[in-house]
Amino acid sequence: MRRIAVSEADFDAAAEIAALEALGGGAVASFTGIVRGDDGLETFRLDHYPAMTEMQVGRLMDDALARWPLLGVVVLHRVGVMRPGDRIVFVGTASSHRGAALESCAFLIDWLKTSAPFWKKESFADGSARWVEACAADDAALARWT
Amino acid sequence: MRRIAVSEADFDAAAEIAALEALGGGAVASFTGIVRGDDGLETFRLDHYPAMTEMQVGRLMDDALARWPLLGVVVLHRVGVMRPGDRIVFVGTASSHRGAALESCAFLIDWLKTSAPFWKKESFADGSARWVEACAADDAALARWT
Amino acid sequence: MSTLSLLYFAWVREAIGLDGETIEHPGPDASVADVVALLAARGGGYGQAFAEPERLRAALDQRFVRLSDPLGSGRELALFPPVTGG
Amino acid sequence: MSTLSLLYFAWVREAIGLDGETIEHPGPDASVADVVALLAARGGGYGQAFAEPERLRAALDQRFVRLSDPLGSGRELALFPPVTGG
């Protein structure tokens, strides 16, 4: 099971986890990212490079499948306009080994959160808006995997 | 949010994840363990030391809360008789930091899978039954956290 | 006279045929291994369960201890095989 | 005559007011930075978007590249700020 979706639509994390559980591996890890409402954030827009995202996530999944004994891997990402409390990203993995499930899940989300071709624009209650700057802490998280 | 349950009853992982998502942290990690049907396993009994499990898991959650900035942590564990495909354990964590959510989830499941006072007895289709022996690989997983 | 609660798990429980029992407390300086030896001396299922102390693990008042540790003021001693986790 | 598709994202897109456009291919030996300089020279929104090349990142045929890398046989060049992830 290998599934990628990048879409403006919300997703059902519970259904994805149930599908991963049904693969018989014994270990399912997941990560869900939700839009935070820090500093009076009202809406949030994710600009992205669709063809590159799907190609790069596909290649990353191949890396994960080569590196860990996985039975299933799912990456879902929303784009477009979101609000605090909305789910934005889901990564789920299934394996016979809990370490493989947990590590591959962390690997995929670290890449998505740091290197996926996404750009965030935040709009606040006071009417201001700004493009989010890249974060050095994220590069450190990614360095773990190389 | 801090929740421990050790019970013979099944649990609803989706409801637990939804509750963790609602905490506003932005990052929710989870791990679900399912009974595998390897080698013709028919049923599986988990013997346990109830008072010790709850006390130790509680202490472990305190460790996790001291070590990572967590908004919520949930540990659910089934005991008694289970069959292949049944959920056996759930760990879920919520944080404002994805690394904290992922690492604390791995920390809790590693402890549960290696050091919780549980003993497994497997019964096979051919009528045989055996107590599972402790596994050295698990000790290596736990050594990461010390 | 103070007492010590004993709890048995997994194949230790099966060999003895009891979940647990209460015995006279052997004193704070007695070790877990001393209790194991005392139980092994009863023979039968006890002899079988406690014949090889190196196959046993213990918890005193719900914390893992070594077999060489003294009972101290402990009131609940659990004896079991190495845990296999959840 | 071969062409090069350009794609713009985030504030680069906003400054220029276009999602992308097609230009004449400047040749395989031209670097990404050469294209940036060529676009900056147009002035206006382009001048603003491309004034500080160190604030820009690029992908050639959907793979991240450095600004000093040559275009080679690349057909799609995306120019954007450092990615902020999902």
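Every chain is named by a letter (A, B, C and D) in the order it is written, and numbering of its residues begins at 1.
What we mean here is this: contacts are C-beta pairs under 8 Å (C-beta built on N, C-alpha and C of every residue); 3 or more make two chains touch, one makes a residue touch a chain.
A quick note: this is a predicted structure, and the numbers were derived from the prediction, not measured.
Taking mean CA positions as centres, which chain lies farthest from subunit A?
Measuring from the centre of subunit A, the most distant chain centre belongs to C.
Starting from the mean Cα coordinates of subunit B and subunit D, work out the distance between those two points in Å.
Between these chains, centre-to-centre, one finds 49 Å.
Suppose each chain is reduced to the average of its Cα coordinates; what separation in Å results between subunit A and subunit D?
26
Express in whole angstrom the distance between the two chain centres, defined as the mean CA positions of subunit A and subunit B.
Taking the mean C-alpha position of each chain, the two centres sit 23 Å apart.
Please list all residues of subunit B that touch 2 or more other chains.
In subunit B, 33, 113 touch at least two other chains.
Could you pull out the residues of subunit D that touch at least 2 other chains?
none
If you go through all the chains, which pairs of them touch?
According to the stated criterion, the contacting chain pairs are A-B, A-D, B-C.
Which of the residues in subunit B end up touching subunit C in this complex?
Listed in rising order, the residues are 33, 46-49, 51-52, 55-56, 77, 88-89, 112-121, 131-135, 138.
Touching subunit A in the complex: which residues of subunit B?
Per the stated touch rule, the residues are 13-14, 17-18, 21-22, 24-37, 84-85, 87, 96, 98-99, 101-102, 105-106, 109-110, 113, 141.
For the complex, give me every residue of subunit D touching subunit A.
Residue positions touching the partner: 7, 9-11, 13, 59, 62, 64, 78, 80-86.
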